[in-house]
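These notes are about the structure you will find just below.
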Amino acid sequence: MRFFSDNAAPACPQVMEALVAANRLDTAYDGDQWSERLDGAFSDLFGKSVRALWASTGTAANCLGLAALCPPHGSILCHEMAHIEVDEAGAPGFFTHGAKLTLLPGQGAKLTPETVNDACERVRDDVHQVQPSALSITNATEYGLSYRADEVATLGEVAKRRGLGFHLDGARFANAVAFTGADPADLTWRAGVDVMSFGFVKNGGMNAEALVFFDPAKAEVVPRLRKRAGHLQSKGRYLAAQILAMLENDLWLTNARAANAAAAALAEAAGSERLVYPVEANELFVRMTPEEAASLRAKGYDFYDWGPGEVRFVTSWDQNMEAVGQLAAAIRAL
Amino acid sequence: MRFFSDNAAPACPQVMEALVAANRLDTAYDGDQWSERLDGAFSDLFGKSVRALWASTGTAANCLGLAALCPPHGSILCHEMAHIEVDEAGAPGFFTHGAKLTLLPGQGAKLTPETVNDACERVRDDVHQVQPSALSITNATEYGLSYRADEVATLGEVAKRRGLGFHLDGARFANAVAFTGADPADLTWRAGVDVMSFGFVKNGGMNAEALVFFDPAKAEVVPRLRKRAGHLQSKGRYLAAQILAMLENDLWLTNARAANAAAAALAEAAGSERLVYPVEANELFVRMTPEEAASLRAKGYDFYDWGPGEVRFVTSWDQNMEAVGQLAAAIRAL
Amino acid sequence: MRFFSDNAAPACPQVMEALVAANRLDTAYDGDQWSERLDGAFSDLFGKSVRALWASTGTAANCLGLAALCPPHGSILCHEMAHIEVDEAGAPGFFTHGAKLTLLPGQGAKLTPETVNDACERVRDDVHQVQPSALSITNATEYGLSYRADEVATLGEVAKRRGLGFHLDGARFANAVAFTGADPADLTWRAGVDVMSFGFVKNGGMNAEALVFFDPAKAEVVPRLRKRAGHLQSKGRYLAAQILAMLENDLWLTNARAANAAAAALAEAAGSERLVYPVEANELFVRMTPEEAASLRAKGYDFYDWGPGEVRFVTSWDQNMEAVGQLAAAIRAL
Amino acid sequence: MRFFSDNAAPACPQVMEALVAANRLDTAYDGDQWSERLDGAFSDLFGKSVRALWASTGTAANCLGLAALCPPHGSILCHEMAHIEVDEAGAPGFFTHGAKLTLLPGQGAKLTPETVNDACERVRDDVHQVQPSALSITNATEYGLSYRADEVATLGEVAKRRGLGFHLDGARFANAVAFTGADPADLTWRAGVDVMSFGFVKNGGMNAEALVFFDPAKAEVVPRLRKRAGHLQSKGRYLAAQILAMLENDLWLTNARAANAAAAALAEAAGSERLVYPVEANELFVRMTPEEAASLRAKGYDFYDWGPGEVRFVTSWDQNMEAVGQLAAAIRAL
């Protein structure tokens, strides 16, 4: 059984049905009836007029958002383990034409207002130094922690005071909402977030993510950037339809709750001694000897090593809870 | 009835079935079983060992290919009406970090060895002038003409002699193969083509195009460029599956033949007097007064104006031949 | 005797004296007393509060200016023979991160309001096409013609109406002012020019050009771009001192008048039959058989061939008028 | 008296004389007699056939060199206090089209083979992570330490083993040679360095630095990059002449020795208690209370604060040793 990655999971049935339903003649690019409903659907979700665009990957969504916030000569403050730094092949540098990522430390891949503020303090305001232009956080983080609304808000205050655009990598935003129970608005625009990537692919989508601008004016240039990056699909309705299907009846939340529940079951089995971080989404980082890991793999469980003496499990929307229970038992039995 | 664009058509049934069949757990990115079959499938088609990658748009496929052939300080020779110049929002400049497109004239958006050669002659070989690095053609062209194999080969000879990489925009390559009856190998690598985008979306696909390198060595850096451009989808199996479905049993050719047949029926109805160019693929450019165009639209036919006194019809793989016959009759009756 | 290029001439005595005078301890970069006087000196010259920065080359000055006017996804309209297109090695693409140059025809490398307007008309206002963002002209042009103030003003009107930034390549602006007798303000900001490169190197400077923004707000980001492009010299006083020396007592005009006078003497000798273009600055394009050219070269005159049956002479600020007279006689005697 | 920066010092007399001597008609760009002597002069200095180009700033020289070593999708390993990271306004990102700087720690801004090796180890060799392509060190470092030849060589071994290009920022290379007494060859190509910027401006030049490629093949594209970046001056002889004047009779070493001697005198006065780092070039970092610093400034000495309780003094080639003696006495008297 695979606990490698939520990217390995299939698309959920409602998404497949939506693709079938959208499979008819319509206007090309994003002029179709599905794409045109995106702004409204996200505006409803966030309780605010927003501008929403589809993109086929989280990397594209993140970097189009960052390019809208940060000029080529600016820098983006982010955690040193942020996905945009560690796993996007330098895409931020490509989309921004060379802007820098300024890397900050922080427990569990979380930033604090202090580290952000200090990083700004260290930069001389002259032409020799790259000036901070944007702040980027990931919620849930790369280590499976969820920022609470007030944590985001204090970061938003620093961003505002420092004149930084505020970007949220929401590849697992659904998991953070599911875990915290917070209003999506409180985790985003009410906390000062300007733009977010809203992840669907890890959560049951096929190949559609959303890019949401809470200030539509900041999105103005983005349709051009998207096209210029080769991300304006000619049959965009198939992306929009996926997203709309997942927003309907809060399927995005339902799926995320399922993945979180699986992770929680494993976390309880692992116990706080073994857990490197509290489990607040659908990822677990677990201390385990190579022998212990081998014994689990011998039972058919697949997962990544994550540094010496640590392994990572990721759960998905479609996780079979019986199998999860068996893995939980196997972990308990180590 | 829509004759706007082949992008408006739905995905064909075999593609939809392939998506359903691929909808299960597998390795993320392009490590899945479908993606791993792409090289082999295209090698079979072209009778040569090639390297093939999926991409979600023709713009991405074209520009990743061009970036592999042309350095930032080089130029790409192409027709002044080439899609990469006219309809890709400057994407070639983005992916190549600022390389130039050098625009050449030519009847029906076709280039000739003479214009290509002359363009090279005009460039002084010094550091002040941007040096030609690549040649790009589109087959079938933006005006619905198809290069024959020998025409491509004479262009390939100039490219080779001038040290130019040779790129083929194959958004409608299937239509060109269907029209000319040529062996795909003769229209590409045997004629000197180094890399092509192989279009599926306009021809019944949903959102997958292929990028084919006839010299695998030239593709080496491309997986990194694709990731860096946000085009490495995390569930790549859904792209690969579409492509494989369309290669199977030559569905790509069957679909293209259907679209070409619809265009040929309309072309016959229009007659050579009205046709701006011979119809050698699935596009027609037809001379028509505004009143004539209006009368067709009044009957429910949708199509674009294309310059003063000209309109464009594009036919698709799924065109209802009865409706095509009615439009043909309406054109005849003008 | 060299009539190759005004770049071959030495620096004039006043520039050398200024370098010696500036050769003492001062603040680094552009914090020195000379650099700080630039804004004022150019504001006096143009009768308007401007922002002026030094740069070491015309290419850098032009491209920093263009980068301030045109986003990466925009295009710059210019003549097909413009220096930025033909002789800057793709630098506009580098500094703008991939913006396009849209090439326009025009007699003697001059643009007309009609060609500019038509070029804008041809662009669909959608995300697929690169939108015109700036207009660039060269005065005096690459073929030695000078725009009159009213010609610049009609171009400026089109630029304004179309929302284009207006850039002037002033590598030989001094020659245009000297020829037309126009007020520099009338050839620039009163005619709608937003930014210009003001050439000194071809006119007796050593290695300092100026970049002048008529709207200081548009210059705001430019000091950062200059540094980022490696053009912020650490001992900037040596650039500023050259420029100030050439502005003092209108030395820039005196030098340009000398070069123009030499060209006028040659033009008179050549006669209108031989002249490809009227001579309105310091360049002549002369019809001449290869044998005639060879006979002049045999007498010790150096100059470039410029297409079949044409040669180019360029005169400099330091041209010996006696030698010019001898060349004039030799041309007459052909 | 200024101890701010070696950029504040004037150009030395031999440089001024060389400019005067070069002030005559010659071929433009780098076709002149001075520029053509550069390769030979540096080949003599390094005892190896090299390719040398002038550039007007250290930032340009560094970044052209880095662009020759690192592709847009690669990363450059450097110290977290490296000039290319801290004081070049993101120029490496501009010249490389978005390559990353991977920042490493190290005492006194020096890297060790271990930190370099560890940084490479941490990178997974897949398309998701930016791969290290180059290593860059500064000698003398930003904190005034000099790498010894064997230290450079052990870094060169790691670079070679890891397939990294090896770049040396030699803004104060002369000071490092003067301090270590090493053969320039042993500090560079014999230790594996591929390309270096060789600084002259801080050491008595006006506005000319050299970019030296120890493997001329790696320089092939650089003249195009230089032109494209606006750094090909049209009267390049004035840059080449400065460099040649400083190479003649080892003036570059004489000047550096003078600056180092002044720094050594101040270091002795400060004593090891106050010195943050050993003084191995022309920079001192001295622990000092704000009151002490104020008392020195009250006596007319200018210098920068450098973090809490620290100040920086930089000495120049032209430092008046009597004044240095007075400052030394004043420091002693604190």
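Per-chain residue numbering starts at 1, and chain names A, B, C and D are given in the order in which the chains are listed.
Keep this in mind: a contact is a pair of C-beta atoms (placed from the backbone, for glycine too) under 8 Å apart; a residue touches a chain by one contact, two chains touch by 3 or more.
Protein identities per chain, from UniProt: A, B, C, D = Beta-eliminating lyase-related protein.
Quick caveat: nothing in here was measured; it's all calculated off a predicted structure.
Same or different for chain B and chain D, where same means more than half of the interface numbers show up on both copies?
At the contact between chain B and chain D, which are copies of one sequence, the residues are largely the same (over half shared).
Could you find the chain whose CA centre sits the greatest distance from that of chain C?
A
Please work out the Cα centroid separation of chain B and chain C, and write it as a whole number of Å.
42
Need the CA-centroid distance for the pair chain A / chain C, whole Å please.
Their C-alpha centroids are separated by 50 Å.
Between chain C and chain D, tell me the centre distance in angstrom, where each centre is the average of that chain's C-alpha atoms.
34
Could you say which residues in chain D touch two or more other chains, in rising order?
Within chain D, the residues that touch at least two other chains are 29, 72-73, 88-90, 94, 97, 127-128, 224, 227-228, 232.
Along chain B, where are the residues that touch chain D in the complex?
Listed in rising order, the residues of chain B that touch chain D are 29, 71-73, 97, 127-128, 131, 221, 223-228, 232.
With touch defined as at the start, can you tell me which chain B residues reach chain A in the complex?
Result: residues 2, 4-5, 7-11, 16, 19-20, 23-29, 55-61, 63-64, 88-91, 94-95, 201-202, 206-207, 224, 227-235, 238-239 of chain B touch chain A.
In the complex formed with chain B, which residues of chain C make contact?
Residues of chain C touching chain B: 72-73, 75, 86-90, 93-94, 96-101, 103, 127-130.
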